[in-house]
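Common to both upcoming complexes is chain A, partnered first by chain B, then by chain C.
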Partner chain A sequence: MIKSIAKKEFFSTLRDSRFVALSVIVLLLLLAATVVGLHSYNTLQQERGVAQQTVNDQFANAQDRHPHRMAHYGSYAFRPKSSISFLDFGLDSYTGASVYMEAHRQNSANFSQAQQSGSLIRFGEMTVAFVLQMLIPLLIIFLCFGAFTQEKETGTLKLLLSQGVSLRQVAWAKVAGYSKVVALVTAPALVLASMLLFGKGGFELGGDVLLRLLGFMVFYLAYFFIFIVLSVVVSALHQRSSTALVTLLGIWILCCVIIPKASANLGASLYTTPTKAQMDADVHKEVAKGIDGHNSQDARAEALKQELLQKYKVKTMEELPVNFDGIWMAVGEEQSSKVYQEHFGELTDIFEKQNRISEYAGLLNPYLAVRHLSMGMAGADFSHYIHFQQTAENYRYNIAQELNHLQATKLKYGDKETRLSSETWAAMKPFTYETPTAGWALGKHLVSVVALLLWVALVCTLGIKLIDNTKVA
Partner chain B sequence: MNTVLEAKQLRKEYLSKVALQGLDLQINAGEIFCLLGQNGAGKSTTINLFLGFIQPTSGAAFINGLEVAANVTKVKEFLAYIPENVMLYPNLTGLENLALFSSLAGFDYKKDELIYYLVQAGLPAEAAGRRIGGYSKGMRQKVGIAIAVAKHASVLLLDEPTSGLDPKASNEFSELLLKLSDQGTAIFMATHDIFRSKEVGSRIGIMREGELVDVLPAATLNANELESLYLNYMHV
Partner chain C sequence: MKKFWILLKFEWLNFRADKGLLILTMLTLMAGLYGIYYGTTEIQRQRENIAALKVLTEHNMEELKAKYPDGTDAGDIGYYHSTFAVNNPDAWAGLSLGQRDVNPYYIKLRLLNLQSQLYDTENINPLKVLSGNFDLAFVLVYLFPLLIIGLCFNILSVEKEQGTLPLLLSQPIGLPLIVSAKLTFRMMIVLGLALLLSVVAMVWGQVLPDLRVALWLSVVVLYCLFWFGVAFVVAALQKNSAFNAVTLLGVWLLLTIIIPALLNVYIAVKQPMPQALELTIKQREVVHGGWDKPKRETMDKFFAIYPEWTDTTEIQGRFAWRWYYAFHHLGDVAVADLAREYQEGLQARHQLVEQLNAWSVPVNVQTIFNAMAGSDLPSYVGFLQSATSYHDALRDFYYPFLFNQVKFTNADYAKEPRHRFTSSPDFATVSAGLYKLGLSVLLVFVVVFFLFRNVKLKVR
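Showing the complex of A and B:
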């Protein structure tokens, strides 16, 4: 029975020219977004790859220099794009793409696409994720709002039921039929995306990319399923198609516009972030005066001098077997890094608390749940950005300390003239970045996974149960 | 006689409004029972109760001895229903509509068999492959009849089935009902059509404000008497 009605819904919908026209538009948008996303991915990936290689080469081939000059010469870390990010740009357009890594300073990532684009980017970008998250639910609403109401209005529901079909069977059949239609609209774009990924796209392939793509698809399937069942249930609870449509459009506005904005605003008001200037000033102050404000740099330097003189049982700095300048630089780097990490940790904590509100709002709104999961699988969420920032900072710290160590061991106290050869820089490990695994990404969004699963369970149980109350006559 | 359709003190109330007042009725196999009454008299309520679409406030409806309210799905095996305006699915052909409803009733007919039922119901064979959206009301009604016939139901519930049909289509419909009746199908037809009732009915019931006020054998009445009786009951 379910199969017969599902088949009817499928073919009946495909023969509806209005729906076919709408579907073709959405499909074209999806395909266009896939191609545009791929083009953008390729361009950015290539640019960043070339830029990273260039700065790595420049560092490795730098002329003979004093190690501390080299520490200030620094290098750049360019954030490579995750393979799946061509489907969902996520926060990538708003977060920085490169970090300047130098001694003593922990710079944040700069040169985001938003910084370099016009104001139009504020309207959002046409990505596959945008179409899947916002437009497909609209398509589903236009497809399903009359699922039951049209049957009631035309009297065919009575005819169906008089053949011995139950309301639940009709509902499941419609869900099955509409799911096939939605699959028909979305599948070509996802197949194209897969072909590009595993075909000619020039991506670095691996099990992790496949897992991310699978996760991406599964979460969207669940999202569409929720909207389909929800639309069918709402239609069953109304007597007229017009009121069912208005209710469903209201739900769409609430889920896709109001709750996301409200949860973001709520997060920002509950957990205020310091300005960048304020944070930089605090870091500078604490580095200069010590974390407790009573242990100045001068005092700490003097204490370290005395400690070393005592340790090596010598009276002057020149007699020390190690270069005090290098040791002091290392201690300073450690200190400033510690201060920075504390402030960065606090800032990250605030952002995570803001994000958590949005993640928990996914329990009220499947759109938010799928948005977080989509960005997570695409490697374009806040967690991935922080992961890159931390990796760059770890690299910066290690390089700075390596250079400080060279200064402490290869140069004499007060020696500002000696240059180390360029082979020294070439021997240093260049910056590379590996995107974390799909499992790591999923772990960051467990609340959204649970929210999506709960929504599926809710619409399948409570929603379908409500259909029993459908007024037939 | 074999009672196929039965109502025992069947009553339906909507809040304070009584839609059906303790209906007692028996319809036997091969009998055509025509129920006359104004709009809102309770005719459709009676049909909806037999279909199990609404629950009785008290009393019970039975089909082939099974209480409808307790066997909502099971009793559907025995009955077929034709509403006043058979709309069906406009994007499917007549053939596809019939195939769908027949398969839901458990009959998977081949194309030839489907065409046979459609033609038997009076639909031209060449129209079977066209979409229902392009059919006239009469043609749609014929597909509805084909759906009912193809189900081989022992009970046929008709809710003003000839409303809006042209005389030719109405006559063809009447002929079909008589044929089904001869084959032993019990037919319950709610209608406004006094003359059609006299023509095809075995008995004619008159319903007013939810009450079955009279039941008359169609054979002993002439059409004029029936019209006077009907108008008298309706206080027109």
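Showing the complex of A and C:
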């Protein structure tokens, strides 16, 4: 009996020409979004790949230079796109693509896509994730709003129940039938996406990408399931189809349009972001004062000089076996980086606090939970962005220190003339960036995983219980 | 006329009795007030941050005054002293924040080459800017259509579904009267709310009471009329409430989300912006290459641009500040074309949006609001240009010190030029947008008129 109800729902939906037309539109949008996403991914990836290669070559082939000149010449980190970010651009359009890495200074990530667009970009972007997050739920609502109300309006529900099935069984049967329909709409696009990803898309076939894609799909399936059951439950609670539909559309507007914006804005209102200018000034002040707050820079240099003279038992700086310039520079870099890291950590904390409002709002709104998880799996969320910035900063620090070390060991005290040969630069490791693992990404979104699981559990237990308790007049 | 007032009165009683509609209206009112609060506090915060920059510049100068009590080579000051180019918000920006949260509203500048400083960004939480601003413009552009849809989707169908339409028509009143009464009632609520919120926002945000007050209010009225028109087109099809709700939401989705997203794709493909990365790479190569070139070569190139400094003394020794700033200057000159192309590309993108926004009324209205508030891409490009001229002014200020080798004394800080820039409204975009908006409204009402004339009323 349950099987035949599911089958009936499945086939009668397919016979509904309006629904089929809507599904075809959604499917077309989904396919278009896949192609568009891939195109944008390829363009940006190539642009950044070429840029990275250019600066790496420039560094390796740089002229003979004084090492500290080379430290100021520095390098660039261009953020590569994560391979499945073509399905979900996430924050990528709003995060900077290039970081200039030089001695003494931590620069901002510049040239985000959003800065190169007008306010049109704020209306949203055509991505697979957008279709899956916003349009499929609407399709589901349209599919399911009459699940019970129609049977009530035509009086067939009583007939059905007289066959000996319970309301609960009818509900599950309907959920099963609708799930099949939704699968029919989304599967082609997801298959296409996977094929593009693992076919000739030029991506590296890695277990991790597979895991990310798998996670991506599983979270969306859970999300669709929540919406299907939710819609069926709402339908059961209403007597008339139109009121059920309006309620569901209201829920959709609240979940997909209003709450996401409100929660992000609330976060930003509650926790004030310091300006970059203020942050840089604070870092500068702390570095000038010294970590302990009262040692001036000159006094520290003098102390270090005395310490080295005593250590090597010599009288003048020139007699030292190491070059004080390089050592002093290394100490300065270490201290300023340490201070910067503290402030950057504080800034990241503030951002995370702001974002936490949206994360916890996921407990009320499955849209937010799946949005965070989707971005996470696509490698386009906040944590991946910070990870990239940290990797760039670590590279910057290491290369600066390596060059300071060269200055300390290869050059004499006060020597500003000697140039090291170009081979020295070629021997240095260029900047590379590896996207962290899927497990790491998932670990950053435990709240959202819990939220999604809770929602699944909630609609399955409480939701179905509500259906049990409805009275069939 | 008396019948009209009776109908209006009963609509009001109906509305008061319907908790759902009341809640919907109250929610929109609350959202509007929150949007006003958010927008104005955000602009207030930006103002405070800009004010704090002055303090930072003061600190920086005090530090340098203490470091060089008897003055020093202007080269030291050019290197260690920083000032800010600031993009002061227009008070209207509180109503429509536009891109002001994405684009930096200040740029820290030193005398070094401009192109390595011009594009530095502010601390931005990307998740927040992705979610967008909950300002009054958002409430008007996104939420008001939903309110209108909520109020109107069952304007006729509900009477049919409840079986009250035949009863109503059995009275000596015609359908046009019923519809116009219902329409008037709903418009009074929506327009009253929209205009109220707009006026509250203007007072709260303390905007300059100029032409924009009238422009803003007319855009709001026209935009609401457009959506009423759409709602009536759908009502004229005389389908059931469920169909109306889905269709109207579909139109809303199409106009506010799907078409804009597709336009984004089109613009990104049509007007790619590859200049940025190229520019940033090239300026570094040229500037740092300056160290390795013969000084004479660099100076000759520089003197070609600034002939007035040609006969200054030959540079002796390993390093001289004027040589250092000369090759920084040449770094900017080398990428001037790319920088111009970059800004032209940004402008071209905006122009494309202007050409295409007739496809989506919400995009058009958002563009108008942002143009009025001076918070869109063109005013950012204007700011970039203003910052560039300011940097030129700094150069003009410092070069006499450097090339005449005059000591920079503590009294000279006060003579340093300061930057002033306030985003200005773009009335050309506003009037073009208003024209298109007017046409859209007209088009919809022609369809409404045509449908109501030609469609036969089905009572059941």
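Simple rule for what comes next: the second predicted complex is superposed on the first by the 470 of 473 C-alpha atoms of A that agree within 3 Å, B and C clash if a C-alpha of one lies under 4 Å from a C-alpha of the other, contacts with A are read in each partner's own complex, and residues count from 1 in each chain.
In this section, a residue touches a chain if its C-beta (ideal position, glycine included) is under 8 Å from a C-beta of that chain, and two chains touch if they have at least 3 such contacts.
Nothing here was measured: the structure is a model prediction, and the numbers come from that model.
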item: Partner chain(s) touched by A:T409 [first = chain B, second = chain C, both, neither]; value: neither
item: Contacts of A:T275 with chain B and chain C, given as first, second, both or neither; value: second
item: Contacts of A:S421 with chain B and chain C, given as first, second, both or neither; value: neither
item: Contacts of A:Q390 with chain B and chain C, given as first, second, both or neither; value: neither
item: First (chain B), second (chain C), both or neither touched by A:S108; value: second
item: Which of chain B and chain C A:S166 touches, first, second, both or neither; value: first
item: Per-residue touch tally on chain A - higher for chain B or for chain C; value: C
item: Which superposed partner A:S4 touches (first chain B, second chain C, both, neither); value: first
item: Chain B versus chain C as contact partner of A:P260, first or second or both or neither; value: second
item: For the chain A and chain B complex, residues of the former touching the latter; value: 1, 4-5, 8, 11-13, 15-16, 154-156, 158-166, 472-473
item: Contacting residues of chain C [partner chain A, same complex]; value: 20, 31, 34, 38, 41, 45, 49, 52-53, 56, 59-60, 63, 84, 98-99, 102-103, 106, 108, 116, 119-134, 138, 142-143, 146, 150, 153-154, 161, 240-242, 245-246, 249, 253, 256-258, 260-265, 267-269, 272-274, 276-278, 280-281, 284-285, 288, 291-292, 318, 345-346, 349-350, 353, 357, 362-363, 366-367, 370, 375-377
item: Residue ranges of chain B touching chain A (in the complex, touch as defined); value: 44, 48, 51, 53-54, 73, 76-77, 79-81, 83-89, 91-92, 96, 100-101, 103-106, 131, 144, 147, 151, 157
item: Contacting residues of chain A [partner chain C, same complex]; value: 29, 36, 39-40, 43, 47-48, 51, 54-55, 58, 63, 65, 69, 72-74, 76, 78, 90-91, 93-98, 100, 107-126, 130, 134-135, 138, 142, 145-146, 241-242, 245-246, 249, 253, 257-258, 260-265, 267-269, 272-281, 288, 347, 351, 354-355, 358, 381-382, 385, 416-417
